[in-house]
Amino acid sequence: MVVGLEHFLILSAILFSIGLYGALAKRNAVVILMSIEIMLNAVNISMVAFWRYIAPALMTGQVFVIFIMVVAAAEVAVGLAIIIAIYRSRETVDAEQIDLMKW
Amino acid sequence: MTTPLSGQDVARQIGEHLPDAVTDFDETAVFVKGEALLEVARFLKENPELGFDYLAAITAVDFFEHFEVIYHLTSIKYNHSIVLKTRCYTRESPTLPSVVSLWRGADLQERDIYDLMGVAFEGHPNLKRIFLWEGFQGHPLRKDYQSAT
Amino acid sequence: METGIAISFWILAAVTIASALAVVLFRNIFHAALFLVLCFFTIAGIFVILSADFLAAAQVLIYVGAIAVLIIFAIMLTRETQRGSPSGRLRLPALMVGLLFLATMVFIVVSTDWQVITEIPDQPTTSAIAQALFSGEEGFVLPFEIAAALLLAAIIGAIVLVRER
Amino acid sequence: MGILEQFEQWLVNYWPSWAAYLVPPLVAFAILSTFILVVVMAFIYIERRGIGRFQVRLGPNRAGPFGVLQPVADAIKVLIKEDIIPAKGDRWVHWLAPIIAFIPALMIFAVIPFGHGAIFADLNIGILYIIAISSLGIIGVFMAGWGSNNKYSLVSAMRTVAQMISYEIPLVLSIIGVLIITGSLSMVSIVEGQHVPFLLLQPLGFLIFFLAAAAEINRTPFDLLEAESEIVAGYHIEYSGMKFGLFYLGEYTHAFAISAIVAILFLGGWSGPFLPPALWFLIKVFSVFIVLFWLRSTLPRLRVDQLMGFAWKCLFPLALINIFITGIEAIIWPNFPWQLLILNILIAALLIVLWSGFFRVAGERVSFERYGRGIAKGLALTFRHLFRHPITVQYPEQRLTPSRRFRGNLLVWDVERCNGCRACARMCPISIIDIETARGDKGLVVERLEIDFGRCMFCGLCVEACPVEALFMSRDYEKASYRRELLVMKKEQFVAAEKRPSAYAYPELEAEMPPQTLLAPPKGGR
Amino acid sequence: MPLKTEPVMINFGPQHPSTHGVFRMRITFDGEVIVDMEPIFGYLHRGIEKLAESRTYTQNIPYTDRLDYLASMSNNLAYVMAVENLAGIAVPERAEYLRVIMAELMRIASHLMAVGALLNDMGAFFTPFMYMFREREKILDLFEMVCGQRLTYNYMRIGGVSQDIPEEFLPALKRFIDEMLGFIDEYDQLLAENEILLARSKGVGILPAELAINASVSGPMLRASGVKWDIRRADPYSVYDRFDFEIPTGKMGDTYDRYWVRIQEMRQSTRVVKQAMEQLPQGEVRAKVPLTLRPPKGEAYARIEAPKGELGFYLVSDDSANPYRFKVRAPSLINLTVLRDLCLGWKLADAIVIFGSIDICLGEVDR
């Protein structure tokens, strides 16, 4: 059973949907962030799969993965900062209770 | 040489400021009434020529009919020393004014005397037992102390 | 050689999906975070199968080394572990959206025929990536500088947000 | 063509292809891990003996010849000890933490070249792989701190993680300086690219890497982790038995890994004139480790905030400047001639002097601006102590003769001279001598004599009080027993006991006593 | 919005690697900074003052060894001088010189122990501790040669010393004194300019001079704060007025000064011992004093400069063979009054170092 491009794409689709479910269903903000990380990683897998099977000569696939990693790191840093700031003033990280822009 | 001041002329100097404070004196010590202890101590500390800024030791001795509390004072500036004594005659709960406000060094020493000898010092920031545990009955260094055994 | 890669792919895929599910479904957040670390690690394994070695090392370094530690620090600072991570009223609709998305993606992947190139690119990718990133005309120099600026903004933003006044 | 590939070619024509593909790495892994464990055992042994020598004492020499089996004895002890899991702690996290703390230290060795072809997997991203794996240890520390459900261990886990993260950045940046010169990430090419050891070409890079690596593996002066004077034993307080063994082994394996990396990056790996390459590599690794524990035996510990300040305010900017300078040098002299080392050392010295001006402690500038001369003098002193004769006394085999007036823990009683006057019983501060006398023919005769040596404090007052010189202190000091009543000596035991009186309070006895062995005998004396 | 952290209270229990004996501190932290600190005593209270009241004056001498068990000779010296004041006994010249030699050797040994333990708390992995213990062993050898024991000497008697020194004592002492200055220079080379030691101790736990005097602190702590007060110079007892030695004083009164003062005092003590050795007269070493002495009714207070500070004995006698009241003025206990002021605002690591620099001995604190 040779491993082809479809296997990797289906794997990344499954991971993306798990992340999507987590992001939408969970109330704890930190878990939402974790799920977003899984979605980004799913995209990474598909990018590298495309580079490996479709265009090994052109390195654009890998370069895009590096940029996704940069964005993911920046997003986690700022996201966690916001969560901690909210936690400090509202004593909760429950997504449903944080629903006002100004309090 | 730390010259011990003679009890007599220190008693005379105290007598000028606080007439009825001094009860007795001998060649090295001055006996003072319990109530006037704080004013005498303040006088001895703040007076420019005496300047007793260093409290060397506080001791309590149980003479059955009275407790004697002895303060050894030294002046680091003039390098002379004096012994200040007070007596309290009540036996159940003898109390003396605390000198912690003048010399911080008296803090633990007064707690030590309260714990082992039973002489209370009112005005002391946290007068608690220092060596024995809170629930201990009696004061062991008293001559009439009967240990539990 | 081929079957070796196939076996390791199936193992890694199974572990990745299991740990991703664990991250989503576990109530104890600290365990969820640890499974997230396992998930990142296995994804690095998948990159190795796709013979993108530089990316695998970068993935371990950036995700496991930094982002996972950051998330664990956040968990420690918010001390929400008693109530864990309950799932809100949107449980069912979220599940529906997830499955719908999965179905369409699988259909698309299976139906299109990809012009696949089968031979394995085995020369090291580090120099190739560097070439692609920094070479003159068609390189990604400008996006690289913008990414640097983005990171700087993110760091300063995070510090300002969390600094104790 | 590494040894592994040759082994695979040879194996293919015997076994099926998938076996030939899988077996060599497993065999190599087995050999590698046993080799590592043996070297780690050697490291533990060398450290304990070495620190002993620095402190003018012998160090362990009981287990096996010269104490060589001491690490083995430690391992067995740790294996036997009971494994305690804290009750309310997080069982799985607690159980998993030592494994995650130990595995990365072992995985680093996959890319370390011990000789020409002797490398487990010659990845072309060698050094990047090492940095990625070494950042895994942080997760293990976190899990240990969290899983033990103990206030001290949580505080120390957070401190250690903060320290490891803030020292990882200067670690990585100082490696970039080396990479600019070699141009490739693979370890083998780094070693081959070192015609001049990078220690000389990159002095600042070496210093930063060495200090950051020392902090990464929690060695003094950054050993915040087991700051026993502060937070007792750091995050592995709640660990005992094999789990603590794993942590202990992990610490030394990480130290071995770091010394190996320093040897490869800065001292030229296996290249060396006459000796075989693998031997050169081991010599360099052991010398780096000796410097590591030489530091440990001399320097006190930095406080938490000073530690962080040192990383961010001193190592990080210096690493950036180092990369900047190496970059310029790469443009001007692309092939890095060896004369460059003079320039680099000058720049490094200048930078350290300028940068240490930043350090201000409590309003008074710490004398860093004398560029660490104090630390150097301290190190020189401990080095000189290596050549001094250790003063350890091997007790049971080697016995010191006590002083002539030694007050040993026994009394010598002379029945004839004693006239039963009970002066000694009255003089004893804790009255442990009880004597019963009866009227004998010429005066009192002692019927019963009991001295309780369990309570005696050997003050010697009874010996001084005896008017007829019947009581002596003894010169032996090994009287002990497991039951208190055996310590009470009766009259018959005194009579039967072998008399070895000491000359305490009897100066005339001193003549025939052996002289006391002194730690520093007088000049010309014994 | 401040970060809400409630203060954490940690028990620096009686059983802890760096509390020099059974001493307990209840420290309250806010984050890493100390907010409140309360010392708890009494774990080593044996009631020596009560025991002494039912023993004769000579029988109390072994008990004074157990007060500050790291400086037993100084305890003996202080107690014996108090009894001599009480009973008016003259001590022969040779005994006075021997007492000075023993007291100064004891000061060196106690300071070696103090500085070694302080460095150990700072994290230097036992190396300075081992070097200083090597010198301390030599001093203990000398003491064993003279009085037969290494820790509880019971060497001094009322009216002199228990025995004269053996003839091989002086050459061994001479060798030790000549080497000691070399060893102290070695400690300076190892520690005095060590940047990490400076970073950990300069400016940490500053004790201002007037607070030191007000809190009746004594010994190296007082002199480190710049107060030139040493009883050997201010109120010379026994034959101290015949030797010349300086009194080292610090400038800022921080942990580094306390460390520096102790090192300098070791140098001065070696000078005193050298001079005492040269001027050692011949003669008998003990005045004729009955073993069960009955001093006249009265009271006496004698104080000496013990290694830890001003050690005083206050004795009241009532014509019987046992002291009526036996009070010890323990320098370690009184030096602890300022521990709280020194530690507030610093971190846990500093509190350990400050506590180490105060150098207390629990036997003397809890009596």
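For reference, chains read A, B, C, D and E in written order, and residue numbers begin at 1 within each chain.
The rule is short, and it goes like this: contacts are C-beta pairs under 8 Å (C-beta built on N, C-alpha and C of every residue); 3 or more make two chains touch, one makes a residue touch a chain.
These figures come from a predicted structure and were not determined experimentally.
Which chains does subunit B share as contact partners with subunit E?
none
Please name the chain that ends up farthest from subunit C once chain centres are defined by their CA atoms averaged.
In terms of C-alpha centroids, the chain at the greatest distance from subunit C is B.
So, comparing C-alpha centroids, which chain is the farthest one from subunit D?
Most remote chain from subunit D, centroid-wise, comes out as B.
What is the identifier of the chain with the smallest separation between its Cα mean and the overall Cα mean?
It is chain D that sits nearest the middle.
Which pair, C-D or D-E, has more C-beta contacts?
Here the pair linked by more C-beta pairs in contact is D-E.
How big is the gap, in whole Å, between where the Cα atoms of subunit D centre and where those of subunit E centre?
32
Using mean CA coordinates as chain centres, what's the subunit B-subunit D distance in Å?
That pair's centroid distance is 53 Å.
Rounded to a whole Å, what is the gap between the Cα centroids of subunit A and subunit E?
From the centre of subunit A to the centre of subunit E is 66 Å.
Find every residue in subunit E that makes contact with two or more other chains and list them.
1, 3, in rising order.
Mark out which residues of subunit A touch at least two other chains, giving numbers and ranges.
In subunit A, the residues touching two or more other chains are 85.
In the complex of these two chains, what residues of subunit D are touching subunit C?
Subunit D reaches subunit C through residues 17-18, 21-22, 90, 92-93, 96, 123-125, 128-129, 131-133, 135-136, 138-139, 142-143, 146, 158, 161, 165, 168, 184-185.
What residues of subunit B sit close enough to touch subunit E in their complex?
Residue list for subunit B touching subunit E: 1-2, 53-57, 59, 61-62, 70, 72, 76, 79, 83, 103-109, 112, 116, 129-133, 140-141.
What residues of subunit A sit close enough to touch subunit C in their complex?
Listed in rising order, the residues of subunit A that touch subunit C are 1-11, 13-22, 24-28, 30-31, 33-35, 37-38, 41, 44-45, 48-49, 51-54, 56, 58-60, 62-63, 65-67, 69-78, 80-85, 87, 92-96.
Please name which positions on subunit C make contact with subunit D in the complex.
1, 3-4, 30-31, 34, 37, 53-54, 57-58, 60-61, 64-66, 68-69, 72-73, 76, 124, 126
Across the complex, what residues on subunit D touch subunit E?
Interface residues on the subunit D side: 51, 54-57, 151, 220-221, 223, 227-232, 296-306, 359, 361-364, 366-368, 370, 372-375, 377-378, 380-382, 385, 391, 402-407, 427-429, 457-461, 464-465, 473, 502, 504-505, 507, 510, 515-516, 518-523, 525.
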